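One chain, chain A, links the two complexes that follow: it is found with chain B in the first and with chain C in the second.
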Partner chain A sequence: MASAAVIEMKGLSKEYGSGSSKTVALDNLNLNVNRGEIFGYLGPNGAGKTTTIRMLLDLIRPSAGSATIFGMDIRNDSVEIHRRIGFLPGELSLWDGRTGNQIITYVASIRGDTKGIVKHADELAERLDLDTTKRVRDLSSGNKRKLGLVIAMMHSPELLILDEPTGGLDPLVQQTFHEMMGEYRAKGRTVFLSSHVLSEVQAICDRVGILRDGELKAVESVEKITNVEFNWVDVTFRDAIPEGLPQQLDSMPSITDVSTNGTRVRMRMIGDFDPLLRAISGGYVEMLQVEEPSLEEIFLAFYSGDEEKRQ
Partner chain B sequence: MIGSVFLETLKTTWKQMVYWGVGLAAMALLVVIMVPLFSMQDMRKLLESFPPVILAMIGVGGDLEIFATNEGFVAIGFFGKSALIFAVYPVVMGMRITANEEDSGTMDVLLSLPIDRARVIVEKFLAYGVTCIGVVVLIYLGLHIGVIMGGVELDVVRLTEVTFYLIPLMVFVMAATMLIAVMVRRRTVALGIVTAYVIISYMLQTIGLAAEGTVAEPIGAVSFLTYYNAGDILQEGFIWPHIAGYVLLSGILLLASLYRYERRDIAV
Partner chain C sequence: MNGIIVANTLRTSWKQILYWGLGLGALGLYIDFIAASPDIISGYAELFESFPPALLQAFGASDVALLTRSEGWIVSVFVSEAAIFLSVFAVMAGLNITANDERSGVMDVILSLPISRSAYVVERWIGYALNGLAIVVLCALITVLGMVAMNIDAPLDVIFKSILDLYPSMLLVMTVTCLLGTVLRRRAMAIGFSVAFVIVSYIFNALGAAASGTIADLMEDLSYFSYLNGEAFVLGTYDPADSIIVLVAVLIGFALSLKMFASRDIGI
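Our next item is the complex of A and B:
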């Protein structure tokens, strides 16, 4: 029976240097990505996300372990695998002196079936509102990213590997990208994307893996991993912080980590806003800002919660 | 599709090939049209008055008689130490095969496509090799235009040989550059090593020529430039063992590059 996993990584490790200068970029990674899912690969900078992706593409070789894509070895069958995947690097570099159309034609000629691929590339470029007649050096970083997406998707690959795909894209294009990912999933295709944008992960991913210091810490559904009910709240008063307010906030069960800075109070809040609004009504509130937690904070909250449950 | 990288490389390089070719052709033309301004007898006396070290530095060694001819004048003026200039173009192209693309990050995009590393190297190597031929053809045209413009009498066969002899030299330099870039990965480091290699080769060739007939003469044999000696070519025509040496070494360097590149990580 054919495996449901499109990507299978077994004990994948990558070390750089040797002796005292040895750095472990990725340590014993075991991870499967299933057909038809959008898998978010999350972690802070330097966690090993790009290293994993470059190993899957056979750009760098594992120090230990192995991986398959479509059941084929990433090293021995790289050409056949690359025929069926599309890739967008995190730091995209394209040939500066060439126009979008010239690059599309070049990539299509390597893939074969130039006519069909170029036609689809035109459709994608139109959808992403990209002018492919401009030279790469004349494109903004956002438009360069769009061109990268077109190149990755123009041959309708079975698997998309995207490293921070929406960095530099404006919100409208991000929305279009999210729709495109939804369409990919609907067609039974698979997407493996790295990201540190929580809203993006929530919007499009089915499952996420969290990587930290080269180690995979968790693989969970998006609902579970992002269901951490706290926000950072900043309240700025016009004149001064009402007397006794920090102490009052500290005593409230839904509020922790209260700090002050001039006329501003910052706190971590769980649950409804009403108790907070009542507490701050004694002063003139100039501004109230609510900030969603970072992935790192969610990760810590998620695992400290787990630890508590285990204890 | 086979040949895609080859064709794209030609498309993106032909302008540089023309610029280099036209520049060198203009230099060749200038040297040729200056021939009637000099008396070859005076030239011989002048050359005889120089100590061997100075002659070696301008690329003159062996029989001075051959340099006191129209062809010899062109050999000194253009092909002699210009071999160093001819080495620059293949170094630039050799760096483009892997080092520049890795340094800029475009190699990640290229190798994520259904194409293996060996094919990328071979197709690029062939394409840049073709541009080396293009540069040499333009130089050849420059020489001939000079002959027509200046009404200079030159042995066309010898001139053709000394010009087209540049091709194996340039391909060898390109292959050596490619291997160094593949070995060290970092573009700036590779460029530094290649530059040092070319300059040291020039020095060794000069020492070898200046020390003709002494125990130090074999030092020159280590330099790749020694095997492109315009004076020898004017006398003997194509020196096939030397050409075969360049071709064989280029092939070995290409195979070594393929072997190493297949086994190492792509730099970022």
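Our next item is the complex of A and C:
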């Protein structure tokens, strides 16, 4: 992987309003995204992910700081930058009365290579199982998202900027999307994607940046973030919770926050499942559910010493 | 800038051109029909004689004697009514240049493509300016052909020029709406202020005629309706300066629109 930065943000800030109504959407963001990597931009809703992306696209202007893409200023060289990138907005709006094919042709003609781009768009649409003959107003939200992905990728851009790319996509298409991202990386291209879904970031990203309340809290490899991962586990017994089980679970180093409700035990678990399975084997387990932590929980765990506990 | 957005704007709005052109053409035919009947015209003229100047101006005429002539009738009545309808079109077109796309979110997709904000606004503006020109020409042709078909004895070139003279004013309203869309950011506010601009202009024009030699003269000068030259074409007193003033205002408004749109956040 080449180390040259494709995206460089230096002290990027964005404020809205003034005086007492001033809101800081992004505060002093310093971040590099390297060529050939898939960078996940993680954060809860309202953290500033979309604000960052919209600034990179020159849709909104920074209150302070600067950024470059391919070494070019995002504002002064926006047209040349846009020639080399593909973008999928978080809230995609397209021309409702036009078909996918009409939109693809229109966008391709603005990009200046209608024939080659449309051919590649057809291949992408086929791969994503998208019917481009339908009008946008007749497409489901998932299919609109697919059309957005086709538009973003059809000119084989050097850099893809994707805002919550898989929202509304069914699991099979998500899998296809993950494969496509892997192929992008293999070709040495770069992807900058925002998400609040940890599993998606884990599946495809090399590095992640965690954003919270407009501040970049960490930039780590996916492996490191994964190390602090825990799960919420719910065990429901058919008859009753075996006597002494809550206390037993509480004493296990990999389990915390044990609570009971009727025949159900809920706990926060780090690491392997085997100790838990052995502990609950004394009762008849009707259901066992594992729930992925929210991003906020991951974030808090990452900074509250859980990493040490796991090690 | 390669004309793709101009072409796309025209391709997606040809129905609009047809409907508006035919609609205004139908209005022209109706006025032709009345102009073909001297008895009806003279009846209207007698009625207008009792009107105060402001009310007469509101009907598009400043001289009752002019209304007794076929060309005077067509020009005064049609031009004043068509000017109002074209103002409605111009407000809609002005909103389509940026405000509607920004509100719907389509602008995010467009501006992520290799086209500058300025180039986009220029192409959209040209697209809708051509759109408006096609509507004006279509309705002028229908009106003039109607005159031929109804054997109306009036100079066709005067009528044609009078209708084409609506175009600079239409461009002005479209550009003012575009400017308001780029300054105010809120589509609803842009609509409100644009409609107010049209209504206030109309009132200023009518009141200005009623109180000549007073401050109302200035009010009339501020109204784009007062720069319509229909009567001047009939009387042979057309002064190109009137059209030039409107076109200069269009250029200033357009330049301001470009500056505002290029310098602000989009979709906020």
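Keep this in mind: the second predicted complex is superposed on the first by the 301 of 311 C-alpha atoms of A that agree within 3 Å, B and C clash if a C-alpha of one lies under 4 Å from a C-alpha of the other, contacts with A are read in each partner's own complex, and residues count from 1 in each chain.
In this section, a contact is a pair of C-beta atoms (placed from the backbone, for glycine too) under 8 Å apart; a residue touches a chain by one contact, two chains touch by 3 or more.
Keep in mind the model is a prediction, meaning the values are calculated, not measured.
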| task | Sticking to the clash and touch definitions up top, decide whether chain B and chain C on chain A clash or fit. | result | clash
| task | In the overlay, answer first, second, both or neither for which of chain B and chain C A:Pro171 touches. | result | neither
| Between chain B (first) and chain C (second), which, if any, makes contact with A:Gly262: first, second, both or neither? | neither
| request: With the two complexes superposed on chain A, say which partner A:Gly17 touches: chain B (first), chain C (second), both, or neither. | output: neither
| request: Identify the partner contact of A:Glu80: answer first if only chain B is touched, second if only chain C is, both if each is, neither if none is. | output: both
| field | Doubly contacted chain A residues - partners chain C and chain B | value | 54, 57-61, 78-80, 82-83, 85, 87, 89, 91-95, 98, 106-107, 109-112, 151
| In the complex, chain A residues that touch chain B | 54, 57-61, 78-80, 82-83, 85, 87, 89, 91-98, 106-107, 109-112, 114, 151
| said: Quick check on the complex: what are the chain C residues that touch chain A? | reply: 2, 4-5, 8, 12, 104-109, 111-116, 264-268
| said: Considering only the defined contacts, which chain A positions touch chain C in the complex? | reply: 16, 54, 57-61, 78-80, 82-83, 85, 87, 89, 91-95, 98, 106-107, 109-112, 151
| request: Report the residues of chain B in contact with chain A in the complex, numbered from low to high. | output: 1, 4-5, 7-8, 12, 104-106, 108-109, 111-116, 263-266, 268
